[in-house]
Every structure is written in C-alpha cells, then in structure tokens.
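Each of the next two complexes has subunit A plus one more chain, namely subunit B in the first and subunit C in the second.
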Partner chain A sequence: MFPAPIERRALPLQWIYKVALPIALLLWLLPLIAVFLTSIRSAGDITAGNYWGWPTSINLIANYTSIFENTPLGKYLFNSFRVAIPTVIGAVAMSCMTGFALAVYQFRSNLLIFFMFIAGNFVPFQILMVPVRDLTLQLGVYNTATGLAMFHIAFQTGFCTLFMRNFIRALPRELIEAARVEGVSEIRIFWFVVLPLMKPAIAALSVLIFTFIWNDYFWATVLTQGVDSQPITAGLYSLNGQWIAAWHLVSAGSIVAAIPPVAMFFLMQKHFIAGLTLGAVK
Partner chain B sequence: MRLFGLSQRTLAPWLFLAPGVFIFLIYVIIPIFQSISISFYAWDGLGEKTYIGLQNYVELADDDAFYTSLKNNVIWLVLYLLAIPAGLFIALFLNQNVWGIRLYKSLFFFPFVISQVVVGLVFSWFYDPSNGLMNLLLNGLGFDSIPVLADERYVTYGIIVAGLWPQTAYCMILYLTGLNAVNPEQIEAGRLDNAKGWKMLWYVVLPQLKPATFISVVVTVIGALRSFDLVSIMTKGGPWGSSRVLGYYMYEKAFSEYGFRMGYGAAIAVVLFLIMIVYISYFLYKMYRDEKGY
Partner chain C sequence: MKMNIKQLFAALALVAFGGTVSASELIINTDTSDPAPKKAFEDLIEGFKAENPDIEVTWNLFDHEGYKTSIRNFLTADAPDVANWYAGNRMLPYVNAGLFEPINDLWESEGLTESLKSAQSSMTIDGQIWGVPYTYYQWGVYYRKDIFEDLGIAVPTNWDEFQQAGATLIENGVTPITIGTKYLWTAAGVFDYINLRTNGYDFHMSLALGEIPWTDDRVRATMNNWKDIVEAGFFLENHAAYTWQEALAPMVNGEAAMYVMGNFSVAPLREAGLTDDQLGFFQFPTITPGVPVAEEAPTDTVHIPANAKNKENARKFLAYIARADVQTQINATLGQLPINSGSEVADDKFLKAGFEMLSGAEGGIAQFFDRDAPAEFAAEAMQGFQEFMVKPDRLDDILERLEKARQRIYQ
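Right, the complex of A and B next:
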C-alpha cells in the first residue's frame, strides 16, 4: 500500500492525520455546505446580508415547500426523469447488442465500427448542434422530452458500446464456444448465456448514464425551451434569472436538483465507481 | 439455419449492430459532415442556404472574438490539467485504512456527481462582490474585494477554478482505484531498497498508475475542450465576451438574438472539432496498438 499505512507511523502523526481528514473535507465541501445552510435561511437573513453566519431561523420546510409551490420546479424534475429514464433504457439496450456483436464476432469492419463509436463519443457537442437541432425539428420532436431523449440515446450508445464491448471481451470465451457446439442459436447465446453475465455492467452503465443525462445542460438548452419540456438543469438556470438575490430559493432549488444523482451515487456506489474507472486499472 | 445463403454466424453481428449503428450514424456521424458542409454556407436556420465558399473562415480569421475564445480554450486546457496532480494528491491523502475512510472518499467525490449548473451557481455566489465568501475573507484580511466574474483579467481563471473542483474529484477517484491495484510486493521491494516518499512515488508507484493517468488526461482534455456549461451559467461569456470559449462562442453565433448565423457557428465548431481530432486520433491510435497486442 502506498503511502505507507498511517498505523505504522508515529502516534502524533496518526493524530494529525485524523484531525486533518475532517478539516480537509470541510474545506473541500465548503461551497456545498454554504449552499445547504443558505437553503434553510429566511428571506430576512438574506436581505440583512447574513449569508455566512449561522441562520437566525431554520426555514427548511418553508423554503423547500415554497420552491415547489411557487415555481414549476416539480415539473422540471418530472421532465428530467422523462428524459433520463428512457435514455438509460435505450442506450443500455442498444449497447448490449452492439457490444455483443463487436466482442464476439470477428469480421472485417469490426474494429472500424468500434472506433467509429469511440471517436463519435469524443466529438465536441458543437459540431453536432446545428444538424441535430434541425433533425429534431424535422422529426417534429423539437421542444419535447422525447426529442431530447432520442438524441441522448444515440450519443450515449457510443460510450456504452465501448464499455460493453470491453466487458464482454473479458468474459470467458469457452462459454460461447460450448454453447455453439451444443447448437444453440446466436440469439439464444446472447439472451441466455451472455446477457445474464452482463448484469454488473448493465448496473454500472445505468447509474452512470442516469447521472450524465440528469446533469446535461447543453442539449437541454439546444433542444428544449419552456416549462413543458425543459429538464431541471435548464429550469434551474431560468429560475435563477427570476429569483434575483433570493439566494435561499436558488440554493434550495440547487439542492433539490442535486438529490437524485447524489442518491443514485450513494445507493449504487460500487457500480458507479466501477463504471467510471473502467480502464483505470489494467 | 441459413438465410439468403448466409450462415447465422455471418449475419448475426449485423443484426445486433443494426439499431445502434443506425441511430449513431443519424445523430452523430452524419451531423459531423453536415456541419462541415453548413460551414460553407450563409444560413439563418430557416430560409434558403447560400453557398459562400470559404467566406465564413475568412471572416473567422479576422475576428477578435474568435481569437479571445481560442486563447481562453488554451488557458482552459493548460490549467484544467492541474486536476490531475491535484486528484493524485487527494487520492494519496485518502489512501489509508482508518475508520470511516470509505465515507470520506465518497464525500470527496461529491462535486463530480452534481450538475455543473449547480457548481456554476455555487461559485458565482462564492465570488459575489458584495456578499460572497471569497470577498468577505479578503475584506477580513484587509484587502479590497475582487469582482472576479466582472473583471476581464480574472474571469476565465475564476470559471476554471469552478471547473477544477469536480474535475479534481474525478481524477481522484481514478487514482484511488489505481492505487488499490498497485502491486504491494513491488512497494515492499522498494521499501527494502530504501525508496521512500517522492522517490517511491516517482519510480515505483506512478509507473503502475499509468492507466489511471492516461484516462485522467483523456477525460480532462475532453472536459476542457467541452467547457460550455460553466461559462454559460456564470458569465454568459462576459464581461464583453472576455470569458468566451469556442464552444460558447459558437452557440452564441448560431443562436444569437441578432439573428441565427448557423454557417458561421458551424465554422467555429469545425475549428473546435479539428483541435479535438488530434486527441481523438491519439486515443484511437493507442487503442489500436493495444488491440493488436491482444
């Protein structure tokens, strides 16, 4: 283990480490802690300029109900789910198939198609912006959650394919060969042999894609406008314009917007990190 | 089972690939070429396109705002890379086995999980000249307030600091995973050879962390070149366009309130794309080498 385990060091050093840990964390998360404290302040605190001291009164429930009652935040949240969930299902389903095809079969354009997915995954969004917006308009899904989800499914399929293909390649090939010898059809090999083994990869990708899409802001501004279709990221930004100087409400809104991905991360931590750190270890 | 005289094994991959390849072509690959083609036209997004050859690029070559954005992109790229050593540093700090360390690791990772919109709002507020924490601290220490986001000199750096926060968390998690897989025998061997501290890190540990470093560089470079969210949220490219990056400038041109200039926007996007191509090719080349060695 590197650095050397702290238990092996001198006792004072161990104590310093144990004290330094929470302090470092506090400093690291200071912006977030401040946001949380502000989200429970009263409007009076805000006008009096009491941003950083202890709140004079705790308005947790009042502020959080206020943002839901007086603004379409709930609607924005709902839209985010309407975009993120279909994207997760669509992109994961597509990439299970593409990943399987690229990992299991040897054919001439295999590597070429694989590289197409990887390269496409890295392009700057701006080079897609104008044509994708145009396409979305032509398909009649501009300004709908469906239109936004359709683009996300397509784009995320690139990353997911890279992930799935590498995952399936690491599975024991003998399983597939054995099934073929038994005369099992290719589709049944996919469904009954490979797919059950892909559960960890599916879990990892699902949490990762959910978070990516939930946090997307660029495409939300390009492909949607207005309360009926905008997800929470874009919605929060437009609310910020209306809530000038109402920092307690902005903060409460930010916290609400952050809850689903944070909850997802904590519940599925193992899978999340497995997905994110793919390739970080050989 | 045979279909059209083709064996199942030949046909199967294409059937599995069809839906994914189809939508990826429609939404990602073809639009790249469409954008390149649009960059040779004058187009407001609604009416007729007029072919104007290289005129968009000629105009770009003489556009100060373009150079400001390009320069900012370079600053982003260079400073964003600081996330890598910073992430390594935090990972080394947290790579211990004390009580509760798992929770610490998760909490340190937090900034990456939340949206850049939230990060942007939080930091705009941190920099707020009248009540922001940064300026309260500065005033407390006897300095004048610095309106970071309203000052042309500091604005880009201010935004990059906000971006470094989640990016460092990302690199940290990559390194933590890497450190987990470091071969303990080599470390012990190093200790026997009296390697310590920096020497151990440089000669024994870092070489083993190479995959983590590679991924960190890739995601950080891509992240820097994709910077848009924070600029849009914190400053809208201001003051006076001084914090624009290519990604934001393109958006502004294509959808500006003074009329849509899709062709000009596309030309900016093409330039950004060409910069990115360098990295994509490098990445693909490395993957190709790995595949061949497989």
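Right, the complex of A and C next:
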C-alpha cells in the first residue's frame, strides 16, 4: 500500500512526523492567520505597526458589521453571485450538449471541433483582454454583470466540453444503442438516458466552475467597474479610503469573500475531488 | 392697482413657470465616499433640500479611485449638474476642454470675491473663475512634542535650528523625520516646502508651470538644502518601501519625531493612541530670511459641468455651499478648514493652529505639487524626488532629466 501508514515506520520517524506536521501546518496557514488577525484589529493597531502581535482590542463584531453597514460590500457580494451562478448554469448546460454531441456522434469534423474546444484552453487569456473589452463595448454589455457572465460562459465552455465529452465517452455505449433500438428519439436519449448518468460530472463541474469564477479577478477588473456591476474580488479595493488604507476592513472583506468558495469546497468535497480526477482514469 | 391684460398674462405665466420649477432637478456627482466626507455631504444635501423643497436632488456617490476615471466619462457623455473636484492645475484639463462652466457672475452676485477671497487665485484660470471651494487643510510639520521636551529641543523656526534639532534627535537614536515615499507624493510635499522657503511662492509656481529650467541655480539651491538633511540622515531608512500610512508607525512608537504631512494624518495618529499632549504641530521653518511665508493647503471644490442640464439649480447649490454657516458645518464634520472668511473653525488644536498659520500666509497658498504642476510632469518629477532621497549623489542627472522632461511636456 502506498503511502505506507506512519504507524508502520520506525519510532523516531513517527516522532519527527508528529512534530513537523503541526509546524508545517502553521507555516502554511500563517498568511491566512495574519489576514484573520488583521481583520479583528483596530485601525489604531495597524497605524502603530502592530502587524503580527496580539491585537490590543478585539474588534471582531465591529469590523465585520462595519463592512456591511459602511461600505457597499453586500452589493459586491451580490454581484459575485450574479456572475458566478449564471456562468455555472450556462457553461454546464452548454457543455452537456456539446459533450454529448462530440462523444456520441461520429461525424467527419468531430475531432477537429473537439480539438478547437481544447485549444481554446491553451490560449493565454491575457492576450484576449483588449479584443474582449472592445467586443463587450460594441455589444453594449460593457460594465454589466451580464456581459461578464456571458464572457465567462463562452470561455469556460471549452474546458467543460473537454471534461463532459470524456465523461460521456466512458459511459457504456450499449445503453445508448439499446435505447436507439427501442426507437427512442436522440433528444430523449440525451435527456432520459445520458443526463441522469452525468449527475456526478455535473456536480463536480459546477463546484469547480463556481470556484473559478468566484475567484476571478482579471476579467472582473477588465470588463466591469463600479459598485453596480463589479464582483467582490475587484470590489475589495474600494474599502480603502481617500487617505487611509483600511487594512482591517479589507481583511474582513477578504475573509467574507472567501467564505462561499471555501464553504462550497467543504460541503461538496467529495464532488470536488471527484472532479479533479474525473477523466484521469478510464 | 390696475392691471392690464398683458401684465395679467405675464403674472399667470410666472405662476405657471413656478409650477414647472417645482419639478426641477439637480444631479450631484461626488467621490466623497469616506465616512466623514460622506456624512458631510449627506447633511449638506439635506440642508439644501430643506431650503429648496421644490428641487428634487439626486446624489450619485462614487468611490474615490473610480471617480478619477469616471469624471472624464460623465463630463462629456452624461453630465451631472454639480461635480466635485480640486483647485489649481488639477482642474486645468477640464477647463481647457471646455467641460466646466465659468461662474464669475455667481462670485460677483453672492459676494464670494470677498468671502472666499483667499482661494480666488487658485480657482482662476485665464481670468475666469471655474468653481466654488468648500474646504481645505493645512500641511506642516507634525511632531512628537513629548520627545522634543524630553530632549530639551525647542520648536525650530529657522533652518539652522531645524538642522540642530535633527542632530540632537539623531544623537539620541531617534530618526528626525519619518516618511514613506512608495507612492511618491510624500516626497513632493517635502520638496514643495523646501522650495517655497528657499525661493518663495512666485518662483515655486513658475517652476510648477514650466517657466523655469530645472537646471536653474535656484532649483539647485533648494535641492542642496534638501541634500544637507538627506545626507545627515534625517529621513527614515528604507522610506521607498513604505506607504505614507506605514510610515506613521515609527512616529507612534517614538522611533521618529517629525512628519511633514497634511492634517489628515492627525486622525490615524490619534486613533493609534497619541494624545494631544504628545502630538504637536509647527509651521515649516524659514530657510531664506525675508522670503514671504507661503503654505501648502490643497483645496477641494465643486463645479458646474458645461453640459449640465439644470444650471440654475446648480448655481443655487454652489451659492449654498459657499455660505459661511454651511461651510462651518461641513468642515466641522470633515475635520478640515472652511474657506469662507465668515465661517468658524471647529474647536480642535490642529485646525486652530492651521487656520492661524494659513491666515498669516502672506506669500500665498500652494495646492500641492501634483495639483500645481501638470499630471504628466508631476509624475516624472516625483519619481526624481524619490530617487534623489535614496541616492542624493545623482542630483545632477536627475535635474538634467527633469529639464528634458520639462521641455518635452510643457511646449
């Protein structure tokens, strides 16, 4: 069995392991701990240069209520959902269909189309910055959550198609053929035979895409500006004032912003890990 | 009293016109999104509404950073009736592009040429007045009074005393001046003061307007004064790595004793636990005797965009914000100084000191380097100032470079 359980190792090794593990964990989490500590500090502590010490006063409730009462953080959070949820629905729905088409039907340009979907993933997205911005301007969706979601759907569909096509490929073909013999129409095969079998893939992909989109910063700053459309990753910056960077509020805001994807990960851990390895082994 | 038909119609028309006024609008765009400025504008707009119940006010609040780009958009595309901005050269691009409305008539009719006299020159471009100033704040030296007292240092009033004070602080292991030049503008504050004190206001403004070569001997004199204190180790080490805010920490912890800064630094310093007994303020010391004392006091303003739709209402609002009692109130909330000479200054040690100092500023009032000089040149120059503070030996190269930039940018 690999890896060998630590209990079977020599005693000194076990001891080293037990000491090293918490230290490594602490080091690993240090940045997060620092952000959390900062989020409960007072502004005075930060001005006085007390970045790592124990906070002189614990302002947990004060800071976290203040970001909702005095800043438009709630609006930014709402915008994030307005972008992430339609993207998940759109990209997953489209890729279920493209994946089905590419996996089930043998037509001449099948592989070519499939490769084009994959090739899209290899394009560094930064080079699309200017054309995509101009495109959204001309379509009249610049600086709207709709425009941002539309772009994400278009861009994520490539990766999702790869994922879905491989998943459907791995399903037993006999099921589809049996249905055809029974005279079931193709669309009903997709809806009643294939789609129910894809549930694990849909769940895994939804979790992945939601996390990707939620954490997107680049397109959020390129395609949107201002509190009416910008998601939280880009909006955190506006918690700073004219003169003073309110790091305690920015930290509190960051933690709030991190909660949905982290919660999603823990609640749907099973699907998430399944999603990472799906298609890796057939 | 007899009334003929014509007069009757005129009166009726007036009533009818009055009826339409009740539905009139006023749209205000501001970037006052910090807690205190936000509160100040809320109260301001409430007060205006109470006096003008027939005007429907819409207030769009932008965040400070976003506003800098938004204003270019909305002044041309979808202009509000009132927008806030800054005095001096900061408004020059919009004035030159014809996006602001000159309001000399309002200044005349409301007597602002008297009450706002101190700021009139900074609101004037090409002989026209382009807005109404409502607040400003002083710059100067904020210092740790308790450290000065412990070491027996008196408040320096001239350059020798200042250098002496710094030397005493260094001997006792205290950095004389804290500064964080990561975002460059803090170094410009120091330059402004040394130049204002070495060469005076008129020279400083001509320099900012690109009328004097940077290789001029008078500029060199300023830089040499600066060089003296840089080389003596007056400034915080590694200052280029800190923001102005991070540079507050040494001051709070007593590792540094002075900060050349604007009055907005008082709030965080108090928040960090410094009392008014520990924290003091003094005017930047004189360098060349006889040069009329000028100060730095950036002014915030409101303007009427040229494309505004309800200019009459906008004029009413500007007249309102110019009033003595209104300026007293907003500046009490802002923790800053009113421009109107009839206003009262809030009961605060630093505001009172600042008000007194600015009232005696015979030389003139500068806005700040990046408001007095055009943006492109200011960026170049501030880069140079930072480099100079780290490597004072490169002075000649830096001045040559700035001179080239001047010839390129200002033609």
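We adopt the following convention: the second predicted complex is superposed on the first by the 264 of 282 C-alpha atoms of A that agree within 3 Å, B and C clash if a C-alpha of one lies under 4 Å from a C-alpha of the other, contacts with A are read in each partner's own complex, and residues count from 1 in each chain.
In this text, contacts are C-beta pairs under 8 Å (C-beta built on N, C-alpha and C of every residue); 3 or more make two chains touch, one makes a residue touch a chain.
Because the structure is a prediction, the values reported are computed rather than measured.
Colleague: Applying the document's definition of touch, where does A:M150 land relative to subunit B and subunit C: first, second, both, or neither?
Modeller: First partner only, subunit B.
Colleague: Is A:N59 contacted by the first partner subunit B, the second partner subunit C, both or neither?
Modeller: neither
Colleague: Is A:S229 touching the first partner subunit B, the second partner subunit C, both, or neither of them?
Modeller: After superposing on A, A:S229 lies clear of both subunit B and subunit C.
Colleague: With both complexes superposed on chain A, which partner does A:S238 reach: first (subunit B), second (subunit C), both or neither?
Modeller: In the superposition, A:S238 contacts subunit C only.
Colleague: Regarding the shared-chain residue A:L25, is it in contact with subunit B (first), subunit C (second), both, or neither?
Modeller: In the superposed model, A:L25 contacts subunit B only, not subunit C.
Colleague: Scan A:T47 for contacts with subunit B and subunit C and give back first, second, both or neither.
Modeller: The second partner, subunit C, only.
Colleague: Please indicate which partner A:N79 is in contact with in the superposed arrangement: first for subunit B, second for subunit C, both, or neither.
Modeller: After superposition on chain A, A:N79 lies in contact with neither partner.
Colleague: Using the touch criterion from the header, give the chain among subunit B and subunit C with more contacted residues in subunit A.
Modeller: It is B that touches the greater number of subunit A residues.
Colleague: Is A:I113 touching anything from subunit B or subunit C once the two structures are fitted on A? First, second, both or neither.
Modeller: A:I113 sits against subunit B, while subunit C stays out of touch.
Colleague: Once the complexes are superposed, what residues of subunit A are shared between the subunit B interface and the subunit C interface?
Modeller: Overlap of subunit B and subunit C footprints on subunit A: residues 49, 237, 240.
Colleague: Which residues of subunit B touch subunit A in their complex?
Modeller: By the definition above, subunit B touches subunit A via 1, 8-10, 12-14, 16-17, 19-21, 23-24, 26-32, 34-35, 38, 45, 92-93, 95-98, 101, 104, 106-111, 113-118, 121-123, 125-126, 130-133, 136, 165, 170, 173-175, 177-182, 184, 187, 191, 200-201, 204-205, 211-212, 214-215, 222, 225-226, 228-229, 232-233, 246-247, 250-251, 254, 262, 265-266, 268-270, 272-273, 276, 279-280, 283-284, 287-288, 291.
Colleague: Which residues of subunit A touch subunit C in their complex?
Modeller: 42-45, 47-49, 70, 225-227, 237-238, 240-245
Colleague: Applying the document's contact rule, which stretches of subunit C touch subunit A when the two form their complex?
Modeller: Residues in contact with subunit A: 31, 33-35, 37, 62-66, 69-70, 243, 245-246, 248-250, 252-253, 264, 267-269, 271-273.
Colleague: Provide the residue numbers of subunit A that touch subunit B in the complex, in ascending order.
Modeller: 1-7, 17-18, 21, 24-25, 28-32, 34-35, 49, 51-52, 94-95, 97-98, 100-102, 104-105, 107, 110-111, 113, 115-120, 122-132, 134-135, 150-151, 153-155, 157-158, 161, 185-187, 190, 211, 214-215, 217-218, 221-222, 232-234, 236-237, 240, 247, 250, 254, 257-258, 261-262, 265-266, 269, 273, 276-277, 279-282
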